[in-house]
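Next come two complexes built around chain A: one with chain B, the other with chain C.
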Partner chain A sequence: MTTRRIIVEPRGLASLGLTLAVPAASVLLALIVGAIFLALTGNSPGEVYVKMVDTAFGSQRGLSETLISATPLILTGVAAAVAFKMLVWNIGAEGQFIMGAVFAAGVGIALGSGTPALIAIPVVILAGAVGGAFWASVSAVPKVYLGVNEIITTLMLNFIALNFMYYLIFGSSSPWRDPEVSQFPSGRPIPDSGRIPEILDSQRLDYGFFIAVAFAILAWFLISKTKWGFEVRVVGDSSDTARYAGIAVPRKFLGVFLMSGAFAGLAGSLYVAGPVGALDPRSLDLGLGFTGIIVAALARLNPVAVVPVGILMGALNNAGPSLQSIRVPAATVEMLQGAILIFAVAGEFFIANRLRRPEKKPQPVAAAEGGEA
Partner chain B sequence: MADSTLAVEFRNIDKAFYGVKANDNVNFQLRKGEVHALLGENGAGKSTLCSILAGLYRPDAGEFLFEGTPTVFKTPKDALAAGVGMVYQHFRLVSNLTVAENLALGHPKLGMSISQAELEDDARQLGEEYGLPVDPAARIWQLSVGEQQRVEILKLLYRQAKILILDEPTAVLTPQEAQQLFKTMRQLASEGRSVIFVSHKLHEVKQVSDRVTVLRDGTTVGGADTADAEPRDLARMMVGRDLELPTRDAQHDVGDAMLIVDDVRVAGDRGLEAVRGISFEVRGGEVLGISGVSGNGQRELAYGIVGLRTPTSGTVTVDGEDVTSLSVADKIDRGVAYVPQSRLGMGLAPGLTTEDNLGLKAYRKPPYSKGLMLAASVFKERGQKWIEKYDIRGVRPGLPIRLLSGGNLQKALLAREVELNPKVLIARSPTRGLDVGATEAVRNLVLAERAKGTAVLLISEDLDELLALSDRVLVLYEGQVAGRMPAEEATPERLGLLMAGHKEEAAT
Partner chain C sequence: MNESTLILTLFAAIGLGTPLVFGTVGEIITERAGNLNLGVQGMMLVGAVAGFWATFNTENLLLGVIVAMLAGAALSVVHAFASVTLRVSQIVSGLALTIFGTGLSSFLGETGSEPLVGEPSKATFEPILEGGLADIPILGPLVFGHDIMVYVSWITVAAASFYVFRTRMGLSLRAVGEDPASAESAGVNVARVRYIHIMIGGAFAGLGGAYYSLALVPTWQNEPIGQAGWICIALVILASWRPSRALFAAYLFGAAERIQFTLQTLGEPWSNVPSNLLAMLPFILAIVAMLALTSGKRARFLGAPAALGLPYFREQR
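So, the complex of A and B:
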């Protein structure tokens, strides 16, 4: 008598191949589901997907725009990945991104056009990191010293940061606002000396993309190769064990939280000092911090894997608007992103567990107690 | 061919986890009205077998007959409805509710409105009838471990369970409390109920059970009427070989006082004082055993010494230096090693590799780290050396340590602590839950430290182990020293009385 047809059991150690195959399969399944949806609504899935790939990767310009979209997603993804891995539930990358942008634009404007680019650019970029870390500290300090739930505070602070940015541009005549444009308020441009230069004359893509990749690698390096990273890994695994090993747990927690905020802030500074060029709410209020959480989840919280996943998400974001030219709503892309996330989360089950059929064996009638061993 | 005297029958039951067979072709018969002992080492499959019976797991293959009918319990609720209940080693009680409320919780026959007074009356009556006295209005957290166990048993009786499974119930009891439990078990059997008594203590099995089934490596290796079974034969069946666990040699030189604890007080979790003025010293090369029923200040005493909780008053001296208020890291530097009770909860980082865990205490200094950088190669080299030296099995590259067996976890933990070359080693229940082979290895490691001149503080509820390893024994009761004596003068009975709070005239 078999009681079940399939047995689910935890898998000890998933192979590298499997951990790569599962996210790939998740993306594929999401595309299939998307295709069904597109077909049902009277579109040709093939045409839509070809159009998307063509827009995202088919031309120099497409590739440039894809990497521009990917740059902030890589960094907000790293921000979420390092935090979640250490069980710091910072879902405030959105707000930290905005504050990074506010700080970077503010410093860039304050430095003016007189500062040499070699000094101005690093200072502007770092100002973003400081802004993000500062905004994270507003949640991190109460969390570490008073036990205030960081999920709630980081989430709420997102909205405060967003509205603060709108106030700076729409609600006041702050230094961030461009005084020369009167019809529709917009951000004051950062002088060229504080802007990250473009790689090619013909395309908008700037070196910010490479800076983002470098920071993703740095995050991986800090966590896996340094003493600090070892302590952080122990804390993330078991805070009781960390305390037992003599690790100052609150300090590590604070450090990871601020680092996460700094990465999100960097995303903000690279974006305003790169393609956007000013504190422009319409270009910044895109939910890039929230998308970073999806990126981190898909990358299984690995800061290096965040890079390709960020590029994929950037490609989707970039391709979205082009679909309107073939009369498909741009929101299709958001649906696809959502579907990818759902499949990726479901895929975790197959990384953690294995399915197998029970072995068949003959069933002798043995009533003797003890058995023959 | 149903046999009406059988309550339960297992035929050729298989159950695997992680691809490892926890039960492999298990055959087992439980009669009505008997106390049936399940004897076996940890990992022999006793708990799996019981959990299948209690509806927690379903067998992969094999036949399970309940009162002669093939049955599958899909959930513990099914099992309970059929009259099968289990008292787990870790109690399943709601600590903020009263005893009576815990009995009522989830009871199928109770309606929307419940009379608290009636409930409490029922609970009291049931307790008196079966020799399980407990205040029905008390909240669970106010009760001792032994009382909580009584509540668990009452819970099953309140639901009219016909089959009671007690998973190592005596592990948390004093010898006297255990005797009382045995009386209750006999009473239940005389009423026609069946009791499964899981244990690895032969003398208890011999005393209380009617029949015994022995498991080894997941399979049933034998069974007998207890009256006909020689303890030595049972032991051989259980272990698979003749066995002599290591004990300390009596003749032994001791050094100076290495650890001095003077009038130390440490707060408990609820703010109440858990350690209330304890003093003792341990010399180099000496094992001081600390006994006591769990929850009498053992944990807080250990925390106070290793720095996880700073004592509120008193002093802790290690090798002549006052270390009372130093941090954990500073104490590690000064040679204080600690083997906590919870291996995966505190002693090891469960998700990290074995190599990482072996470096968990030494990583701050060269050669494990240079400046800010970690030396991965040293982790690997030392790790592999120790894995071989201490015979830690099952390690694979990248494998989280939590997937090793209990014995290998403990060997890894002890290897790391011993390799610190400590002056003081504090070990809490180091062999708890280990099989005999691993117990042997761990005992040998502790004795090797003693021979090296380390001051060893052995905190354990296992009296056999304490008496085998300790030079002197000290009994804790409610955060104070209830008695102390050389190991030669200690007997389980004498310690048991002290553990239960009985005072002795003229303690040494």
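So, the complex of A and C:
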């Protein structure tokens, strides 16, 4: 064993304080890194951050828009959290989100205005889940039955879904496209009976936010409180242990993969049935799937913690475009979010391990073993 | 399709494939060390803006290329630190690099009182031969008609191939990627080998990005590379971790990218194929290739480094 200045040893279960402190520190460090880049390029970090807080939380309208932005992020965050917990590397929430939106808008348009809202709204929302799960299955089935790496297939399917949506709206006269508008192609509006109602008359925020929170709690319940969820966690910790315990690993894997896709698809349906009201590429092409991965990582893969983290990321997304009014690029937000993810993932090291200095007079054998207390 | 259309398509495929060659060879070298870096897209974008910025201020292409490579390598150190030193998930760390790099690239292009966005490059890569050998029918343009970076990419492929399979360092590299514990027993510093090759991968990704901003799309715009970085990650598998195959895989995808324009020039009925569907082609090709090459038992013969994606714990040996 070579001499080392710092000894790293695994920590058993991290304290609650630590599991809260590390994500908080990740955000803080990301803000510092962002401030450095802002200052180096001649911007005022203070002004930028004040503007962001003000836009996201400073008014009723700002708060409403923040929660609207948070709604899909909560669900793509849940999608990533349940998948990553079981080491299902579903990087395709983006595409599953889009296909969820395509399915939901399609069903909403097909149902027409004659269907009662009590039936139409749940059907439209669930159509999104089906769309997302279907798109996930394109990667999940080859993964589970043929061993084809899901990272690359889910990634590629993101761009196929994106171009498919473009095709539906820009490249064809599909039922998704608004036939009334010929100048600038846009999505055909979903009839009001299929739209999720708004909470207040004055703001755009609709009940979709609460539906997203309910689904996050449902995901937490499934993972933490059911036998199925217990088996899933066993598989995530060690697939060997799971096999010895008689758990059908491939089926669990498939189930989690499809569930992850369904949550991402729900994000899509809440988006089109909520604030947007149509399959509109201009408001859907937002990188919400990737941001969901940040949400999940910062929430440490806990579906309930995803809710506050989703609101935080929604606030950032909401604040981004407003920075242009003080001549700061909206991309500042993406840079900050990337930095948050870097620190959040690095922070996992400090949650999993304890660092200490070697004792002054090390006993050769005991020092190498460590971690007995 | 007449002869000149075919030549034009192949010629364009080589041009469009060149940044993919750099990115893919770089990622092959990184993955050969057992490290999966999903940050290629981010490193390419940072390379693209850094190279453009350097050339914009100096009118010097060589300096642009060097700065792009340094920027890509610098960003990759973040991933190296997280995945090698801290041993956290390589997948999430790489994704973080991509998100951060994408944001940083757009931010740097738009910030300041005189932002780069919309500015044409002060210098661009041009074909090095006009007339002469480049006028030979068919082979002339395809072999002699390119700018210098295409030839640099060919040299890179040959050099990377030689390095990985024929040198002592290459042997250490492959040993670390296959069986880090044994490599360490044989006196190889696993962490150092991984750091170095993650940085080499970052440098080549940066170079690939700069080829977009200094040759293919020489006016600064946000995300000028399309999805090239993601494509490179798929190409590594298609090339089965061999630099020489990366060249052909990259040109195949270059051709898939070009096919939209080719069909337009062919007129009816070819020009009626919707461009949005054609834009899917490279991604569909990648999935089909994955299914064909890595389904079931076939994956074993592909030659993926055995320790790819796994963190190495020296203490647990």
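Following the convention adopted for this analysis, the second predicted complex is superposed on the first by the 355 of 373 C-alpha atoms of A that agree within 3 Å, B and C clash if a C-alpha of one lies under 4 Å from a C-alpha of the other, contacts with A are read in each partner's own complex, and residues count from 1 in each chain.
In the analysis below, a residue touches a chain if its C-beta (ideal position, glycine included) is under 8 Å from a C-beta of that chain, and two chains touch if they have at least 3 such contacts.
Quick caveat, the model's predicted, so the values are computed rather than measured.
Contacts of A:Phe37 after superposition on the shared chain: chain C is touched, whereas chain B is not.
In the superposition on chain A, A:Ile294 makes contact with chain C only, while chain B stays out of contact range.
In the superposed model, A:Ser59 lies in contact with neither chain B nor chain C. When the shared chain is aligned, no partner comes close enough to touch A:Ser202: not chain B, not chain C. Using the contact criterion defined above for the overlaid structures, shared-chain residue A:Val148 touches chain C, although it does not reach chain B. Contacts of A:Thr241 after superposition: chain B is touched, whereas chain C is not reached. When both complexes are overlaid on chain A, the residue A:Gly171 reaches chain C alone and has no touch with chain B. In the superposition on chain A, no chain A position is in contact with chain B in one complex as well as with chain C in the other. Residues of chain A that touch chain C in their complex: 8, 37, 41-43, 84, 89, 91, 142, 146-149, 151-153, 155-157, 159-160, 163-164, 166-167, 170-172, 290-291, 293-294, 297, 328-329, 331-339, 341-342, 344-346, 348-349.
Contact residues of chain A toward chain B in the complex are 1-4, 7, 9-13, 225-230, 233-234, 237-238, 240-247, 358-359, 361, 363-371, 373. Residue ranges of chain B in contact with chain A, taken from their complex: 1, 9, 11-12, 14, 16-19, 25-29, 58-63, 70, 72, 213, 219-223, 306-308, 327-332, 338, 340, 342, 344-352, 356, 360-361, 363-364, 369, 372-374, 376, 396, 398-400, 403.
For chain C in complex with chain A, the residues that touch the partner chain are 38, 42, 78, 81-82, 86-89, 91-93, 95-113, 115, 222, 227, 230, 233-234, 237, 274-277, 279-280, 283-284, 286-287, 290-291, 294-296, 299, 315.
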